[in-house]
Structure formats: C-alpha cells, structure tokens
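Here is the structure we will look at.
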Amino acid sequence: MTKVFTHKDVSLHSTRDSCHVIIHNKVYNLTNFLSEHPGGARIILREAGTDATAAYSKYHPAELISNVLSPDLCLGVLDTTSVPISLKQPEEQTAGQRKSRDISGGGGGKPDLASVLNVFDFEAIARKTLSREAWVYYSSGSGDEITLRDNRQSFNRIAMIPRVLVNVSSISTTTRLLGSHCAMPIYISSCALGKLGHPEGEVVLTRAAGTRNVIQMMPTLASCGLDEMLDARRPKEGGDGWQDTWFQLYVNSDREVTKRVVQHAEKRGCKGLFVTVDAPWLGRREKDMRVKYVDDAPDIQKRETDTNGKLVNRAEGAARAISSFIDSKLAWSDLSWLASITSLPIVLKGIQCAEDAVRAARTPRIAGIVVSNHGGRQLDTSRSGIEILPEVMDALNAAGLKRRIEVFVDGGVRRGTDVFKALALGAAGVGIGRPTLYAMSTYGQAGVERLLDIFKEELEGCMGLMGVTKISEIRRDMVDTKYLGARVSVVKDFLHENAYEAMEFPTSKL
Amino acid sequence: MTKVFTHKDVSLHSTRDSCHVIIHNKVYNLTNFLSEHPGGARIILREAGTDATAAYSKYHPAELISNVLSPDLCLGVLDTTSVPISLKQPEEQTAGQRKSRDISGGGGGKPDLASVLNVFDFEAIARKTLSREAWVYYSSGSGDEITLRDNRQSFNRIAMIPRVLVNVSSISTTTRLLGSHCAMPIYISSCALGKLGHPEGEVVLTRAAGTRNVIQMMPTLASCGLDEMLDARRPKEGGDGWQDTWFQLYVNSDREVTKRVVQHAEKRGCKGLFVTVDAPWLGRREKDMRVKYVDDAPDIQKRETDTNGKLVNRAEGAARAISSFIDSKLAWSDLSWLASITSLPIVLKGIQCAEDAVRAARTPRIAGIVVSNHGGRQLDTSRSGIEILPEVMDALNAAGLKRRIEVFVDGGVRRGTDVFKALALGAAGVGIGRPTLYAMSTYGQAGVERLLDIFKEELEGCMGLMGVTKISEIRRDMVDTKYLGARVSVVKDFLHENAYEAMEFPTSKL
Amino acid sequence: MTKVFTHKDVSLHSTRDSCHVIIHNKVYNLTNFLSEHPGGARIILREAGTDATAAYSKYHPAELISNVLSPDLCLGVLDTTSVPISLKQPEEQTAGQRKSRDISGGGGGKPDLASVLNVFDFEAIARKTLSREAWVYYSSGSGDEITLRDNRQSFNRIAMIPRVLVNVSSISTTTRLLGSHCAMPIYISSCALGKLGHPEGEVVLTRAAGTRNVIQMMPTLASCGLDEMLDARRPKEGGDGWQDTWFQLYVNSDREVTKRVVQHAEKRGCKGLFVTVDAPWLGRREKDMRVKYVDDAPDIQKRETDTNGKLVNRAEGAARAISSFIDSKLAWSDLSWLASITSLPIVLKGIQCAEDAVRAARTPRIAGIVVSNHGGRQLDTSRSGIEILPEVMDALNAAGLKRRIEVFVDGGVRRGTDVFKALALGAAGVGIGRPTLYAMSTYGQAGVERLLDIFKEELEGCMGLMGVTKISEIRRDMVDTKYLGARVSVVKDFLHENAYEAMEFPTSKL
Amino acid sequence: MTKVFTHKDVSLHSTRDSCHVIIHNKVYNLTNFLSEHPGGARIILREAGTDATAAYSKYHPAELISNVLSPDLCLGVLDTTSVPISLKQPEEQTAGQRKSRDISGGGGGKPDLASVLNVFDFEAIARKTLSREAWVYYSSGSGDEITLRDNRQSFNRIAMIPRVLVNVSSISTTTRLLGSHCAMPIYISSCALGKLGHPEGEVVLTRAAGTRNVIQMMPTLASCGLDEMLDARRPKEGGDGWQDTWFQLYVNSDREVTKRVVQHAEKRGCKGLFVTVDAPWLGRREKDMRVKYVDDAPDIQKRETDTNGKLVNRAEGAARAISSFIDSKLAWSDLSWLASITSLPIVLKGIQCAEDAVRAARTPRIAGIVVSNHGGRQLDTSRSGIEILPEVMDALNAAGLKRRIEVFVDGGVRRGTDVFKALALGAAGVGIGRPTLYAMSTYGQAGVERLLDIFKEELEGCMGLMGVTKISEIRRDMVDTKYLGARVSVVKDFLHENAYEAMEFPTSKL
C-alpha cells in the first residue's frame, strides 16, 4: 500500500540525520544516500525537507532516480493538495560564488566557431568558459592523472608510415560498426552529466550524431532521459527507421532495474548494449573532489568537531564501491543472465588486457569489447587503450578469435591520425568522449557537428596522405609502434623538481 | 573563338558568388577556385571584378596561372581599350593591420651578417623581422608539428664516432649529384612563395647557388617564373654552359600542362626532374590557417549568419585534395607516361618507407628518390627522413638495388654534422629548405651565400674531426643510431600539463 | 670510582678546544664529538661549559647519549649542590633568525585536515609550515638527489594491468608481516629526529599506528626514548598484549651498548629487529649541510683565518664514517653474534642487489630483507628499491630461497597503486617514511591516521579496480615493468641548461 | 744574419695589411697570423706597430711564441736604444666595456670557501664572478653543446649497485697512474689560458696538485711557461725528487719545435707525454665566437663594406685547420718518430672508439689512451667518454690487449660517484678539467685544494657505501649501464618549442 505524505511531513526531515525530499511528487529518504551521491552531499542537503524536483531536474532525467536508487528509498507519494512550506530564504548568490559563464551556442565571449581549427581548440575554449564545476568534472582524471595524459601521449609515440603514388582522388571513410552503417569509424562515447555543460544536455549530441551519421552511445547516467535522447533521433535516409544508437549500461545491484532499462532500450531500437566493466569501484578524481570539498566544507567541518570517526568515514566513502547503483559484484558468470534478457549485441567496455579480451571472445553472445581505461578516470597508471590494443589483437589472433568480436578503443583520440592508428592496430572503431562534451558545451549542436567534421576531414586527409582510399585498406604495417610502450615521460615532480638546491649567495655581498 | 570582355563586363562579377578578375589582360572566372586558393579566398575577393594583375604579380610568376588553372576558367581576353572602373576606395591600411617589416638585405634592424654564426641564427632573425604572413607560411608544419620538430631532434639522437690520427690537412667536400659536379653534397630544395620573404623571390637563391656551385631545385610554385630563375644562372667555370639546376614538379591533372612544363624545363637545360609524390592532399598547417582565417574572417562570418551548411563546406575545403593543380590520381602506373615525355633523370620526392623505395628502384627510368616528409608540412607524426634512411638503404641493399638509384634526404638539416650523418647512413646528398628562405629573407643573396659557406665550413670541420678527407670516405660505422627511433620526447601538453593540481591554500589563512 | 664535578669545573671547558657539558646530571667531554655530531658542532658549542639538558632534550631521548656515545666520554657526575654559572646572556632571537612556524596539530594556518586528499598534500603543507631546519632534514637526499627523485619516478614507470568482471564487493587489505596481523601491508618506517617536526616526537606515530593497526618500526635515533614509544602502545583487540612494533638498529662500535639495547627491545615486546646495513658511512645531504653551515659559519670562519688545514678537516668530517655510534666495521660475519644475543627475527635493512639478497637468505636466522636505498639519503644514483625488487625476487626464486625470507621495500611510496606494484613484484610489505613525518608534523596523530586511511582507501580502490579482493591474489602479471629501468629522465642541468645561447640582438637596432 | 729594427721601423706596420709587433725585444710580422690567432685579430691589432710585450705576457708565457709560430715570422730583433713611438692615446675604458670582476682568492664578493660543498658550487660562483671573456672561453662547447651536456648527463644514466655488510672502516683511495703514486685516481687535465681566470695562471694548479699529491697534466697552451710550472713543484715526501707531472703536447707542424719541447719536458722530469689527437681542426665554440665577434666587430665591418669576399674568408677561418701550430697532418705513422725522440710513456689523448683504442694498444711505445671528446669542445654530438669506455674495454679485452695500456677517461666528472663509475667500467684514472679552472679562478690555490678534497671525500664516501675499501676492489658488476647510451634527452628547441600554437582569443571579447 502506497503511503501518502504532505509537504509538512517531509519538512520534518530536513537534516543530515534524516533527509527526505520530494522529486516528481514522490517522497524519498536520501539520508543514507548522501555520502554515495557522486555530486556530493551538500547539493542534496540544500533541498532537504522540500520539493527538490527543480534542482534534481537541472542535472538528471526523471527516470534516473528509479533506475539507480534502491526502490525501498522511495517512501511514498506526495499529497499534492498539501501546502508547500518555505524552509529557507530564497538563496541569493553570494559574492564569492562562481558564476557559470554564458554557454549558449555560437556567440558572445567565444571565438567564432569557424576559427576553431582542431579538437584541442574546443578544449581550450571550454576551459576558459565552462563553470569550474563542469570543467573539473569533465576534465579530471584519477590520481596523478598519469594515465589521463598518457592516453594522449601514447598516440604521439606511434609513427605513420605513408605509401605514395596511390590514386587517392576519392576517399571514403564509411564503415560498419556492429552492423550499422556509419559515416566514419568514430562514435560518440558515453559521458555523464551533460547538463553541467549545456542546458539541454545530451540530446544535443543525439542531434549532431544524426546530421553527421555517427553513432551515439547513450549513457545510463545522462542528464537527459533515454527516451528524451531517443526522441531526438533523426529519420534514416531512405526512411527506414531512425539513426542508429547504442546504450551504455551500468549494471544495477537490483537486477530488475537493469532488466527493465535494458529491455526498454532494446524496445526503443538501440542497436548495441555496452556494459561498463571497469567501474566496480569509483576512481579518485581529486580535482573534482577538491571542488566538491569546498562546496561541502561547512557541514563536514561541523561533523569533524563532533567526532573524529565521522571524518574518517567520509574520507573512506570516496573510494568505496558504489554498491547502490553500480554493482561491484558483477562477474563473468553474470553475463549469461544478461544475455538472457536481451537479444542486443553485448559489448564489454573497459577491457585492459589480452587475457580478458580472449575470455570475452570466448563468452557466448559477447559481440565486442572496448579497450579502454575509462578516460583515465579510474585506475591511475593503467595503460592507454591504444597501447593495449596490439597485445589484444595478437592474442585474439593467436587464439583464432579475431573475427569473433569487434574491438573498439577509446581514450585520448584527438586527431584524424589517431583514428587511423587505432584502425591500423586492429580497432573497428574509436570512441570520442570529452571532445564531444567540450564542443557541446561551447557551441551546442553546431559545435559538435564541426567537431565531427574536423575529425572526418583530418581522417580523410590522413588516408589520402597514407595512400589509402577505404577503411578496409588500413593495415598494421602502416604504423611504427616500436616505442609505443616507452612511458618514460617525466611526470611533473612538483615538490622536489629541482634536483640541486643551488647555493644561496649572501645577498649583501654579490 | 576567343571572347573579348570590357572592364565593365568584368566589374559585374565582383562577389563571392561570381568572381571574375583580369590578369595579364586575360579574364578569369575564379568563383570555384576561391576555396581552393592556397592563399585563401579573401585575397582574391579584394580584387573581384577588377584588374588583379598587380596583386597577382606580387606573389606569382606570369606563367603560373596557365600552369595550374584548368584552361576553361579563362573566359577570354580583355578589351584593352575599355575603361577601368573603380569599384572600391583605395584600400587604406587599417590601424590593426600588421606592417610587413623591412626585409631589404644586409642592414637596418638586423644584426650584421658577419655576426651570424650558424644556421639557427638566420631563423631567429627571420622570426623577428619577417611579416607575420611570411613567417607562419614558411615555418609552419602540419597538425601538432610533432614531425616538424622530430625532423630536427632525430639528428640529435644520432651520435658521431670519430677516428683520429688521420692526415686531414686537406679536405674536399666536392661530390657529384645525378652526375653534376657540386661544391658539396647539399642542394637548395624547392619551397613555394619566395616573394613573401624577399621582393625578388627565388632568383636570389639561383644567384647564390651559382656563386657557391650548389644545385638549386626550382619549384613549380615559385614566385618567380622558371625562365626568370633560369635566366639568372651563372656560366659554368670553364665556360661549358650554365650552372646545373633541377626542376621540382607537381603533376597537374591536365597532363598537357605538365608535359609542356617538363619539356620546357628540359629544353632550358634543367638536369633533373624531381616529382613530388607526397602531396596528393594538402597537409593541415594550422598556424598558417589561423592567420588566413583572420584575414578572411569578415566575409566568412557573413556567410555563417546565412546558413550553417556553408560554414562546414569551407572547413572541409582545407583538407580536400587540391585536384585542380596537384593531381591526386597520380600513381605508379603514371610514371611510364612521365618517362615518355622527357629524357631527364626522374627522382621521386617524398618516399617514406623501404617498400616504396624498392618499388621506385625497380621502376624503369627512376634515377633517384628523396626520403622526405615534406618538411613536416604534410602528415603529422610521420617519421623523419633521417630515421627512414637506414631502413631504406638496408632494403635497397638486400634487394641488390643500392647502385640503381641515388638516395637523397631532407628535413631538419641545420648543421654540418647533420650532412655527415645523412651521408654516413647512405644519402648521396641532402636538401636544405627553410634555412635558405630565412637567409634569403633576411640578408638576400649575401645571406644565402653565407648560409652555404657556414654549411661548408661546418662540414669540412666535421670531416676533419671525423678523420675523413673526401666524401667517399664517409662510412656507416662512423655514426651510432641505436636510439635514433626513440621518439619519446615529451610533446608539450598544453592543457593538462600539470599532473597534479596542487591544493589551493585558503589565502586568508596562510 | 665515579668523579664528581661542580658547575664551576664544567664552566672551565666552554670552548671548541675543550668542550664539557652537563646532561641529566652527568658530565660529558664532547670536544672530539663536536665534528661527529650529525646536528653540527655549533648547536653543542652554544651549551659548552653549562648544563645542556634542556637543549639536549629538545631533540633526543635521555637514553640516547649512553646508547651512542663511547662510555669514556662520560667524565663523571654533577655535584648537584653546586651553583650554576651564567656564561652568556640569554640568547635573544636575532632578526635574521628563521622562526619555526606553528606546528600544533589540526588548526590555524593550515588547510582543514578533511581537505587533504592525498599523500602529496601533506608534503605540500609541511613544506610551507615546517621550520627550515626540519624541512631540510626530512626532505633532503644525498648528492644531486637523483636517487631521491627516482624513488618516486620509478613507480610511475610501472603500469597496471587490471582484470575486470571479478566480484570485488568485499575487499580485505589485511595481511601478516613477520607473523604479525596488520590492517594492510604497510608499516611506518624508522626516521630520526621526530621532534624537529612535532613537539611530542615519535610517540605520535606510535599512537596512530595503534589505532590503525599498522606496525611502527621504532628508530634507534628517535627523539623519544624507546620506552616512551613502547609505553604509548595500545592494547591489542582481544586483550592479548600490545600493538606489534619493530625495532630499527644501528649497530654500535661498542657491542655491549648494542647488546643492551637489543635485549631491552626484545624484553619490551618488539617483534622484529631491523638492522640498518646501508649506513656505514654518512651520505652527503647537501641541503641539510647548507643549513647547518649557516648556523655554524661564524666559528668556522674564525678557524679558517688561523690555518687552512683546519678548514679541510672540517670538510672531510662530513663524509667520514661515523665510527662512534654506527659501526662501519659491521660485516656478514658479525651476524652470528647478533643472532646469539636475541631470538627476534632479524631483518637486514638496505639490501640493494640480488647477490646480497641471496647471501642474506642463506644466512642463518635472517628472517627478511628490506630492499631500500635509505630514502635516497645515502648513495646518490643508486637504484630505487622498486627497480631492484624484481631482480632480487628472481634471484631468490632461482636459488630456491623465495620462501626462506620476507622481502620488504621502501622509498617513494606515495599512492595505493605503489603498494600494489610492490606486492605484485614480490614484496610482503612496504615501508612509509617521510609521509608519516609530514603528516605528524602538520596535523599530529589525526594527520597520521588520515594518512594511513588514505593509503588504505587507495589500496582498496586499486584492488577493486584490479579485480583483486585479497592481498594474496596480487600477482606479478598484473604490472608491466618493461620500462622500469629506463632512468632517462632529464636531471635539471642548472648551469648549462640552455643548449643554444641565442644571439643577442643589438638592442639599439631592433 | 739577424736584422735589427728601431721602434720607428716597426711603427710603420700598424695596420691589418701589414702588422708588425715587438715581443720581448724581437720583431714579428703577424699579418698572416691575424686570422689564425685563437684569441681573435682585434686584440693583436690594438698593438700593431708597437711593443706588445705587456699585452702578450698577460696571457702567454715568453716561450710560447717560439713554440707555436713559424720561425720565419720573426723578422729580427729590436734596437733597444731606439725611442718608442706613441701611436695612440692611452686606451680609456669605454662605458660599455665589461669590467673583469675581482678574482682574488678567498674573499670579497664570493661566499666563504668553507660553504662550497660540491663541485658545482665552484661553477656557479665562477659564472657570477669571472669576466665574460673567461667564462665563455672556459665554459663553451662546440655547436649546440649537446656533447658538452651529455658528458655530464651520461654519468647520471649509470646506476650504482652497492654491496653491504663489508668492513669499510678504513678506506684508501691511493693508486698508481703510469707508475706514479697518487692520492686518488684523479688528475688535473690540461686546459689553456689559465691567466684568464687567475693572474698567476697554471702554477696555482701545480701548487695545489703538490699539496694534494695528484698529477697535473701541464698544457702546451698554458698561460704560464712549462718551466714556471715545473719550478712550482713540491718536493716528494721522502725527498726523492719532485711531485710527478705529465706534459700535454700539441704536435707542431715544425717537428723541430716539437722535438725541442718534448725533450725539454722529459729532461725536466715530466713522467708522461699526452699527445692530443682529437684537435686537427678547431671545434666551433660559438659562445666564445660571439664574444670575440663583438670585440672584433668594428674592423670587420669596415672590411665588409669593401668586398664581400673578405667577409667570407673570415668566416671560413674559424673552422680551418690551425696548421701553424697544431699539425693537422699528424697520423698513426708519425708515432714512431715521436717514440724516437723521447723515452717518456706516450699516451694518446682523444680516442673515441674501440677501433682506434685497439690500434693504439698495438702501436709500439703507446702506454695509454685517454677516452675523451675534448670536453665537448671539438665535434658536437660525439659521444661522452664514459659511454665509449665500456666498448673500448670490451674490445681491448677481446683482443687480449687489456693489460698493454692504461685507459683514462675525462669529460663531465663532477662527483665522487662519477670517478667510481669510470673505474668500474675499466678506467685507471679520470681527468678533471673545467672544475679546476673554476676553483682556481674563484679561490686560487685554496680553492683547488678544496676541490680535490671534495672529490676525495666523495670518492671515499662512495667507496664506503659501495662496500669497497681499495681502488683495486672496484668491479664492473657494481654499476648498471643498461640505459647509458639512451641519449634521448630533449635538447631545448628554442624556436619551435611549443608544439601547438594556441588559438589567440580575440581580446576584445574574452
């Protein structure tokens, strides 16, 4: 039997020790969820005891809460006839608060979109124009960000070996990924919280993917609802259905939730199911944590004055398995269950060694893998996807499994040559993550379209100069990987960076 | 039948949508060429509907337009009796416009030429004194300029192994390149648009090459006409003809144009035909693009406000095959045709792997190859010529083809030791490109002569210290290439360059 | 027969040539010890001829002097009825003197402890808040500090190879080290002079180790007495005795002193004896020497004006074997004697090659080794412990000795991933040194506890992401060490760092 | 018959075209020597037509001119009764002229000598206190100074492998070099022009070498005469003759000059003859050339306005073989002649490969070699001595010649560990060059003594920590050279150092 609550009932639970909120006319007890909220506790506590729908909707789709929260946290429904109680003064922006800068597409405060010549430009502009909150969430990697940076550097350690005197007057970048025709071997990878950067969120990516005929992998943790994104799809040319999309899945501890989500995605026409397997624990993204700490600080400090133990709990929280909505128990043996609830091709996203790649290829119903380290956001000092790729392909080849699965790679792809390198080393396609967020956040749909156009131009130019006219002509002996693994770059040694502390001359003398 | 146009007729086509100009009394429709013009559309549009001869001549020789443009773009001839129409006010220099700094040879504003001690000095001075337009055009490489910089760095990864106690009191750097006697195993490589840096353009190089007895490779895209350059040749000592020169060829889609140009070059006495094979598509030289964008910006922006589609078209343009005058269809099979129209030795410029080198050596009438990545201006992250060279020589050797062709190398040569290294690894000679432009642009003929003298001095000094007195004594075991391929240098990571975003101390406290 | 001295007797020996002091009512002749004092001569000379107990106690435990000094330096006891003589004016702090900044735990002038997110943060805060004296003593390495920095960098040259789809919902970091149960495979390594950083000294570490159930290795040269530290132990859970600790030993030239100390440590319940074997000579820690020089300078200068010879003697002193309390004669053959005086497990701290590791494993009663270079404080350009470790394990394995001893490693451990890497390469546990000093010095016990909590969180998170739930599951094929030995990082070349001294343009011209 | 000249006769030759000078009452025609003078022409021209003895003596010993100049340049003797003619006004110091800073030993303007803790300190002080002329002459290397810096860096790429538990209470660094007893395996290598740095010149080094019992290699091009240096020797302890010294020889084109010099050195008791074989041509030391250019500039410019040809000649001059006093014809076949004129042990200084080392070892009467690249002053990008050493020792070993010769090494030795590394790799001793100049120039004899003391201390400390008590115990397996040849350090790329020229934001907008 569903319980019914008045505004007043809810208003009695407005503290850290008992925190109830109303979202879309349902009442939730978020007390225990406070420390698990990836966005920090503070942002929830501001709404404690009130109707949080507006704040919630700023970042999340309506359906998310039922997809990730344990059902028993929903206490019941709101008596919509009850009178809202104003607990606090309308929040005024304090002087010190950072203002999110203007992010509307195409104008005022940003260079003309036409002057953006390469993928890095979007990042440079995003850094200057995004809110601090969005920038650190999007740009951060885990730990010392060694993997984050190596994702990029490792492409630079691969050299191209062009062939000349080939007729390259006509070049085609089209390909098939999991059976879908694509304009190029690039897809938009899933990233959470698009509304941090753009008020409309991920539907912007959907639309741009549609006009450019590339695949968008839609994230479980999108700011927009899956249906919102799917509704934004574009009819296929020739009229046969809608643009192809994939769905990225975080398997929930509550398998029924997962089942419902997956079957809905399949029913709505998604063409692939990408199961994230590299996030049973949350990576420590310290740049992000620093910002969250500043937001949460006052409350935390109060707790600290009470007991030292609480402080420690909070610290532990950051690295703890997010058991409520990403199931840290997920194992190889669960894949047959997943296969049983859907007929979608299943792709494992986050494979990082040959051993797991071969195991995936031997698992029934697994159609592909994404060699990936989660954009450097999970385990620092793990290797870049592009470095792992040759080892994975060699192992699949040796095991006679090369044709069993499609191999994708992501992480650090910023140039057309990077795409070429990935394909030369065996990838069917590459995922682009952060650059799509930066382009979307700075110039909206037109920005993402230009981003994709730049990738296409660069890839075409690269193919032309490599003596290749079709994707299928790209071969491994067109790249030199001798020093690919030479991760000897000096990481900035911020404290001891000067080896020799030079003698200080007595200033009075010299 | 040739059509005749009046000034007024032409003046009716003064827009982006219909752009006619008069050049040397011929009328051209450049509407479709606007987006292909390597110098950008803006510079042509300024002349739309008028007589553009003066502006054209500032950068190009009279013959260029017929050598590169499709003949049907020439609509007819000018009625020279017609009255010119003044379409615009005389252009006044706007405040913000960058003034091209004084580039006259030898004086005011530059250090004394005698104080220039090495090749880098010319570059340093050029950077400070060239117009922005010339500097970015000459100095830019493609993409992230990784290959551009590696061209230089790879020489530094080769070590010298000197021999002592050899009588080196008398040293000769003379050699033969494609049969021509040269003062040293160095030639001036072809670079486009010499008039950007010096008002007289490439004839300055011709004259300096003459006094120093080195070969100039004359470019298809020179600012001076081929005949102008050939007319500047110096009589050979002994009176037997003129200084030897080579001709660099971009094969035109219109093979008749190419045939005419090649046969003219042969008739005028050029001694070698260097066919550029690494430029079927144009590299993205972004530093150059940024400057062009600024020049072109106002018009572009207007278009952008109309339709977004147009903007994208323009962006695509930059990387598109320049099909009108560099034939992207050129293939191995076309070489027999080339061989049929000339008896000049044919050299393929832009070979980047052993496979193509062997294929070239097996192709009839091919007399040589230039191992080159086009000065880092085409495909970024391709390998330096000097790194490819040993692999090429090994393959030619293994195939018994070492004596079939002469192997040249270019890219990054700045020191006498670099020349020695190239020869030790098997090159017959090395090409010098940018340094000749910098020397010419800063000090004119005297500058180029000093540049060549510096190279000769350094090469002599290097030979003396290596225990070698003649070019033919240079051997492979005189250099150490163990780490030549170790491209592990850290590319500046401009956004994420600090691994660790240090805690910000609350400033009010510390 | 014990001699008795009055204050007046002592006051007659107040010079460098005859320096007596009173400490805890005993009279010592420190004349010959002046140049051996690791803290420099000056600090002793300030007390010459007086009761130095207060100054002494600021840094050293009461028992130290008898544990390290040769007994004959103790001349006798003080006649406590005698009248103290005031030799000098009370020392006023001179203007130029650096003030030791506030180091009280947890507050004023430092960021909130909760905002400390990783181990480096403690170091950053310590650098800003410690006294200069403490900072340079703690942070310095020997020579050019190449080894110091390589200790850290070498971890970054190891890459992680995660396995996915493992149930990691429950992770345990507990392990056994030398038979003791520990919360994690980390121990607090011994460091001297804790009171430089915190007024209570090393007991702070003891208490934090207790609440977090990790082992503290108690140093011979602690500022606190061994008994003080042992008294601070916490009862074991379950009530069976006290928290486990180890004792670090510098073997004294006077073996009776060593025997007494070791047997006392054993009697008081220490569980392991770690004999430092890498310090028969003192490393040159120049940062530290520079600060000491400034303190000692005035006197030294006076001596210099007398004879040049004296100056040289002083300089020699710094690198001389500290024969008085660290026995530079200690050899393999002495280990049987050590075994004869104690039944504690004996571990050799400071092994740096496979050869010595195998020899240790073959030596009776040796229970373990610490692969270590003494935190980069002894021999510069020696290899990092983590680099040596695989070689050591391979050799032990090849000799069939892998299970004979436990192998520990220390040096540069700052991240949970570092701990994992060490274990993957064969270590049973890792030692943490400087970070504990920095945490203690900045936030006291709470700081050290947070430090340990951060290590635990990071290790758990790392294990979760590596697909490992227990310490015993960590395997060598989970890390990639291909470039571990690639010590090619550029050491800052402080004088010649610019290869090319650019031409200086005549300023009057450009 | 000797000609006699009056002051007036000489004064008629005061121009570049005819330049006579008086030195020590002899008259010389230096017209043709002007362009060969390593110190530049300008400094001679200032004295043209006058008595140059004072200026000459400032840098050179009296005997030098007869040892290096062709005898026919001496025209005759001065009529000492003739009246000097004052050609110019006494030179006043112009405002812009750099003042040589105070270089007197030990005081005013420099840190106390006792505060100098390592070898780099001397260099840092020298850089700040030497005259510009002295600093650039001493510190410069050839070309881009890649070899100069690699000489230092290559030591840092070698790692130490210490052994522990060895009785190291007593350590001896004594050894024998070419049969002479030395306090340590270090000798002072020959460097020219000591008076640039210290008014007394190289005798200062002789005296310091004497008190510290190390060998000084006395240079042909010393500022002091050989006899002056030999007269400064110290009696050997035990009274048996004088401290041992070696003589460095540049073989003169005039073999009689060489014969006279060598036989004089032998007669005066030198114990070894070190023949420089790596300087048949002069390296381009551009830092030095820039300073000389500035000094010489006015005259040069005048010439430039006349003919361009002259300018070129001058430029060529710098790299030309200095045929007048270093014989560029010297070859292996000349060594038998050298052996015939002396019974001294002959050592070849400047061997750079295994091939030449083996050849030297097979040459009769050759007693040793110095593996050296002349301090990075000759051929840039040649390898460091320490990198070549293992290859040389392997080859000698393989040829069974290891005991036939003694192998020395120099270049970049700055630490006691460097000395140890060189010995571990097979050297009998190492040469120290620039550091002795810096120590001498900053603190005179006391400075050089302290320098040697620091080396001795560091070597002793290193031996103690390596588990070695005698020089003969140093073994090759005590160092790790796996990455010794990894010369991948990034040379500063001064012009193109930023890969990515970031978009410039329109400043009016952001």
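By written order: A, B, C and D. Residues from 1 in each chain.
The rule is short, and it goes like this: a residue touches a chain if its C-beta (ideal position, glycine included) is under 8 Å from a C-beta of that chain, and two chains touch if they have at least 3 such contacts.
Remember, predicted model here, so these are calculated numbers, not experimental data.
Copies chain B and chain D of the same sequence differ in orientation by 90 degrees, per CA superposition (steps of 5). The greatest centre-to-centre distance from chain C, using averaged C-alpha positions, is reached by B.
At the interface between chain A and chain C, two copies of one sequence, fewer than half of the residue numbers in use are shared by both copies.
For the pair chain A and chain B, the distance between mean C-alpha positions equals 43 Å. Averaged Cα coordinates give chain A a centre that lies 61 Å from the centre of chain D.
In chain D, the positions touching at least two other chains are 115, 117, 120, 124, 144, 146, 286, 290, 486, 488, 490-491, 494, 500, 502-503. On the chain D side of its complex with chain B, the touching residues are 143-144, 146, 277-278, 280-284, 286, 289-290, 293-294, 297, 300-301, 304, 308, 311-312, 314-316, 318-319, 321, 323, 327-332, 334-335, 348, 350-353, 355-356, 378-383, 485-488, 490-491, 493-504. Residues of chain C that touch chain A in their complex: 112-115, 117-118, 120, 123-124, 127, 139, 144-146, 148-149, 152-153, 155-169, 286-287, 290, 415, 417, 446, 449-450, 453-454, 456-458, 460-462, 464-466, 480, 482-483, 486, 488-492, 494.
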